[in-house]
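Alright, structures below, take your time with them.
After this come two complexes, each holding chain A, first together with chain B and then together with chain C.
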Partner chain A sequence: MIGMILFHLLVFPGMLFTAIAGLLVGWLDRKVSAWFQFRVGPPLLQNFNDFFKLLGKETIIVKDAVKSVFVLAPLAAFAVLTLIATIIGMALFYNLGFAGDMFVVMYLTMTFSVMVILGGSATGNVYSSIGAGREMKLLLADELAFILVFLVPIVKSGYQVQFDQILSYQQNAGAIIGSPSGIIAFIIGLLCIQAKMTLAPFHIPEAETEIVEGPFMEYSGPLLAFWKLDHYMMYVIFPFLLVVLFLGGFNLMGLGFLWSLLKYLAIVVVMIIIKNTNPRIRIDTTLNFFWKYASPLAFIAVILAVLGV
Partner chain B sequence: MAINQLSLLVLVPLIIAVLNLFLPVILRKILAALGLVWLLILNYQLFINPVAEIVIQGVAVLAVDKLALVILTFIQILAVIILVFSLKGVSPKIQKPYYVLYPLTLAFCNGAVLSVQALSLLIFWGLSGIALYLFNLLGDEKTTPETAKKTFIIVGGSDVFLILGLVLIWFLMPHNGGALWNLKIGLSGELAYTAFFSLLIAAFAKGGGFPLHSWVPDYSKDAPVEAVAFLPASLDKLLGIYLFVRIVWSLFALNFGIHLFLMTIGALTIIFAVMMAMIQHNGRKLLGFHAVSQVGYMILGIGSGSIIALIGGLFHLINNTIYKSNLFLALGSVEKKTGTNELEELGGLGGKMPLTFGFALVGALAISGIPPFNGFFSKWMIYQGILDLAKGVAPGYQVWLLVCLILAVFGSALTLASFMKFIHAIFLGRRPAKWDNISRAPLNQWLATGILAALCVIFGLWAIHLPITKLILPVIGEFGFSVPQMLGYYNPILVVLLFGTTLILGLIIYWGVRKVRLDAIYLGGMDALEHFRVLGTEFYKEIRDMKPLKAIYNGAEKKYFDIYDISGRCSFAITRLFRAIHNGQLHLYNLWIVLGMLILLWVVL
Partner chain C sequence: MGWYNKRLAKSLWVFHASGSPCNNCDIEILDLLTPRYDLERLGIKLVGSIRHADVMLVTGIFNKKIAPRIKKIYEQAPKPIFVVAIGTCVSSGCCFKDSYNITEKRETVIPIDMYVPGCPPKPEAMIEAVAKLVGVLNG
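Let's look at the complex of A and B:
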């Protein structure tokens, strides 16, 4: 029993699987982004090389920083993402409820942002602090819409809050994206995860040209490696979340596997396209966008779901 | 004749308070500490041996049931912990009255919870309000007298409604002889509704529910920090919500419309108070607005009519007293070292006061509902309860309930935002040079905050096994309900084990490859001057300046939504009118007399 739990956590669908898949999808991101810019792009294993190279580099820590927080933040973020990956993966690959339900995952995703904020703020660097503040505002911007997006499958499935039950409902009644409320919620959900991953146009907390990677500015060596890995792991976790909530999960048998892979890759490619075709927007514009447009739209989706549409 | 234990819970602190009037400070502390530990033991014995009610002239006056026992338990626990914090650090100027008022307040609060008769409830409730006022007067801010007056008017004024409510109940149930609680009065007719809303006002004013909350943030800023942790953060919350539970679940039999109304009030309390908390620049005021916001979750859960949400609401009451007093005391430790609670003046103290920082962080994460701390579990139960309710109602009501849920969940994100600002402004970010020689908080202070932080963890991990099974489920059983199946699934211990395993693995990898070098802050080659510092207080300026929030915030800062100020303005307007018509001219007075007589004649005839 303990062995199986550890396997799920550390190997599949948890840490190792999410990390490897994330680094590979990260390559896809870099490659497609390069094509958009008429470049060749990196080789397949470039992200692995980067990660291991960073592990061997020096860790520079600010003398006056709160060092424990600075060191623990990226590792705790890594642990949180592994946990989320395991919970979602267990539903997706094994059709099992594991450790927590949708509310647990909703709050755990906030925990990742907490770690970014704490890690960035621990250094005392002005750019890191600005980035940390922006990270929080970005979370506030997308969270309202994210909550509403979560509510649509909950309502559609007859008020189920466990991932496996949402999947079971979709196996019987068809994917939630097949309904008007489902389509609206899925599109808003896609934008929310774009913001949660701080991908363009929402890369406001990092804003390289403006605040030099923000919360991550003082990070180097293995700790930066973990932040990079965390970022790539999200390329697996958040699209998987949308697959569970709206696309009816995965079918791993025969041609179903190919279809499942396509569903996942379609989400990733759309995210990469949005990322490469939009400039960074200001934080107040983001707040306005999510609170005044995306959230009311998502609320309409919730009302439609209540009406059974 | 053996003395009834229940009377000891009132008499012991009362006697300590009287003795402390005459003792030197050191003996006051010792006596208060010994007395409070004794009370804790007495309280524990109530769990083991049931105690007979106290009857005076054939009327039961004091008694303890399961709900009262839970409230009493946390009153004694928090009183002991906050006393530990107070042993070293209370301003010498106020030490003497402090150690008189402290046990006195405890006696009144214990008395109010034990009361099962209208008159004794009124007396103890009123006296606890006076103790709240007197504690406020111990503060040394310029605005302290004004705040004390405001507190007294709102909390004391609400006692009038308590009297009205209890008298109306006596009218409704004349054969009951003023006995309270398990009456289940149906809400039909004006009298029943008036009684219900009157009692609700009393409960909200004490607990800090919207719109009677406005004394809490002011009190938080202007009273001594120990008093704030003791009363608005802990004991008053326990009393106010205790009365609220009684009103909703045993005094009246409510209809769905009233449940919906209460849930709406709860959701609005959450969102209004947290939005105000976000923009505060003073640490204590920020925490004060959160003390209000958290009441919203309790009102939402307890007022919903769902058993799961009731359990969640009661659990949230306990949790809130724990992490809120933790946060006030942690800020108190900082304040006692630096002499300020203005967030703009603080920063980077995490390295200088690591234990206080760690415990405050636990409190901040717990109040924000981050798993696996206790705050998440209670919120999670409240959410389950609301969804469970929504399953069985018409679509219109479903949407209403979902809006309440959305506001509650989003309120959690706003709470997190507010506490990230709090933590950043005090403990993280750049430390001003003037705080370079700050030392750690004394042992008694971090022991108090440490125990409270430990409770946040323990109640989060073993929520079902400890507080819910041992304390709350017996209350639910006594109300005559069974616990329905939960919709969701959450195993906090498994979550922590999984998280911990990966964290340890990450640490091992880091430890194995690390080559650490310490260096100065990097600002692209520029000197890291002290004024290159982000205060944290301006984190949410964009939200403050957003339309239409800007107008609401401006209105709130001018106190347009403060019931105390609104009432004040109305009274002054009426007074001005009367002043204008009483201008000292005789013929005008004659006119008023004639007009008055004509009106009287018209009414009588």
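Let's look at the complex of A and C:
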């Protein structure tokens, strides 16, 4: 029993699977972005080379930094993402869940942002502090819409708060994205994910050209490698989450495997297209967008779901 | 370390520090990083922070005010770090060689691994320099 839990946590669908798949999908992101700019783009194993290179570099712990938080924040963030990946993956691949696992995932996604804020604030660098502050504002902006998006599948499936029950509801009644409320919630969810992953147009906390990668500026060597890995792991976790909530999960038998892959890749490619066609927006514009447009729309979706549309 | 050097050769992240240049070399460096030359296919990426960098590009004559700062930036970099000097200024001083504020021995400020001469050097010359660096790392 313990052995199985460790296997699921460390190999599949937890740490190892998510990390490898994430680095590969990260390559897809860089390659498609390169095509957008009429470039060739990096080779297939580029992200692996980057990761192993960073593991071998010197780690500099900044003199002004709070050392324990500085070192532990990227590792804790990695642990948090591994846990999310395991919970979502267990629902997706093994149809297993536990009571209230959706709430656990909601909390854990927020915990990741908190780790970024802690790591950024611990460095003692001005730009990092600005980045951490912006991450906090981004969290305030997208959190409400993100939770409202979760509510739509809950209401649709007859107030079930377990991933596996939502999946079994969708197997009987069709995917939730097939209904009007489902479509609205899916689109808002896609935008929220864009903000959660700090991709363009919401890459306000990192903003390479402006505050030099923000919270991650002072990190070097293995600790930076873990931050980069965290970022690429989210390319797997969040599309999987959308697949579970709205697209009816995966079917890995025969041709169903291709259809599952298509669902996943479609979400990723839409995210990459949004990323490449939008400039960075200001923090007040982001707050405006999420509080004035996205959250009310998500709320309307919840009301529609309650009305049974 | 052969395996690690191969990984390093395939992912050189570049930080660009200008030590009082006339800005011509810096503009050529920016040209180098545009989609036309597409250095990402060689794994090269421009990073904004010296803490992430593997290669430090320096330009200019390092006048007396900037020399300590260049040294400080070099000391903040995580090792291993390679320093590539872009332009004739770093090696010989070029047209500024009689300037009153030039640092006499620029190679004593920071250890320089590779010189790319030219005023300014073409992006092609810089790509060749990078290819040589990769060749050295691969043995």
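Heads up, the rule we're going with is that the second predicted complex is superposed on the first by the 306 of 309 C-alpha atoms of A that agree within 3 Å, B and C clash if a C-alpha of one lies under 4 Å from a C-alpha of the other, contacts with A are read in each partner's own complex, and residues count from 1 in each chain.
Assume contacts are C-beta pairs under 8 Å (C-beta built on N, C-alpha and C of every residue); 3 or more make two chains touch, one makes a residue touch a chain.
Everything numeric here is computed off the predicted structure, so don't read it as measured data.
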{"item": "Room on chain A for both chain B and chain C (clash or fit)", "value": "fit"}
{"item": "Which of chain B and chain C A:Val270 touches, first, second, both or neither", "value": "neither"}
{"item": "Partner chain in contact with A:Val40 - chain B first, chain C second, else both or neither", "value": "second"}
{"item": "More chain A residues in contact [chain B versus chain C]", "value": "B"}
{"item": "Partner chain in contact with A:Leu96 - chain B first, chain C second, else both or neither", "value": "neither"}
{"item": "Which superposed partner A:Tyr159 touches (first chain B, second chain C, both, neither)", "value": "first"}
{"item": "Which of chain B and chain C A:Ile60 touches, first, second, both or neither", "value": "both"}
{"item": "First (chain B), second (chain C), both or neither touched by A:Gly124", "value": "first"}
{"item": "Partner chain in contact with A:Met217 - chain B first, chain C second, else both or neither", "value": "both"}
{"item": "First, second, both or neither for A:Ala132, with chain B first and chain C second", "value": "first"}
{"item": "Touched partner set for A:Ile281, first chain B, second chain C, both or neither", "value": "neither"}
{"item": "Superposed arrangement (fit on chain A Cα atoms) - minimum chain B/chain C Cα distance in Å", "value": "6"}
{"item": "Residues on chain A lying within both footprints (that of chain B and that of chain C)", "value": "56-60, 212, 217-218, 221"}
{"item": "Complex interface listing, chain C residues touching chain A", "value": "4, 7-8, 10-11, 35, 38, 40-41, 43, 47-49, 51-52, 54, 76, 78-80"}
{"item": "Chain C-facing residues of chain A, complex", "value": "30, 34, 37-43, 46, 49-50, 52-53, 56-60, 208-209, 212-213, 217-221, 224"}
{"item": "Chain B-facing residues of chain A, complex", "value": "5-6, 9-10, 14-15, 55-69, 71-72, 75-76, 78-80, 82-83, 86, 97, 99-104, 106-108, 110-111, 114, 117-118, 121-127, 129-130, 132-133, 136-137, 139-140, 143-144, 147-148, 151, 154-155, 158-162, 212, 217-218, 221-223, 226, 283-284, 287-288, 291, 299, 302-303, 306-307"}
{"item": "Chain A contact footprint on chain B (complex, rising order)", "value": "348, 350-351, 354, 357, 365, 368-371, 376, 380, 383-384, 387-388, 390-391, 395, 398-399, 402, 405-406, 409-410, 412-414, 416-417, 420-421, 423-424, 427-431, 487-491, 494-495, 498-503, 505-507, 509-510, 513-524, 528, 532-534, 536, 538-540, 542-543, 545-546"}
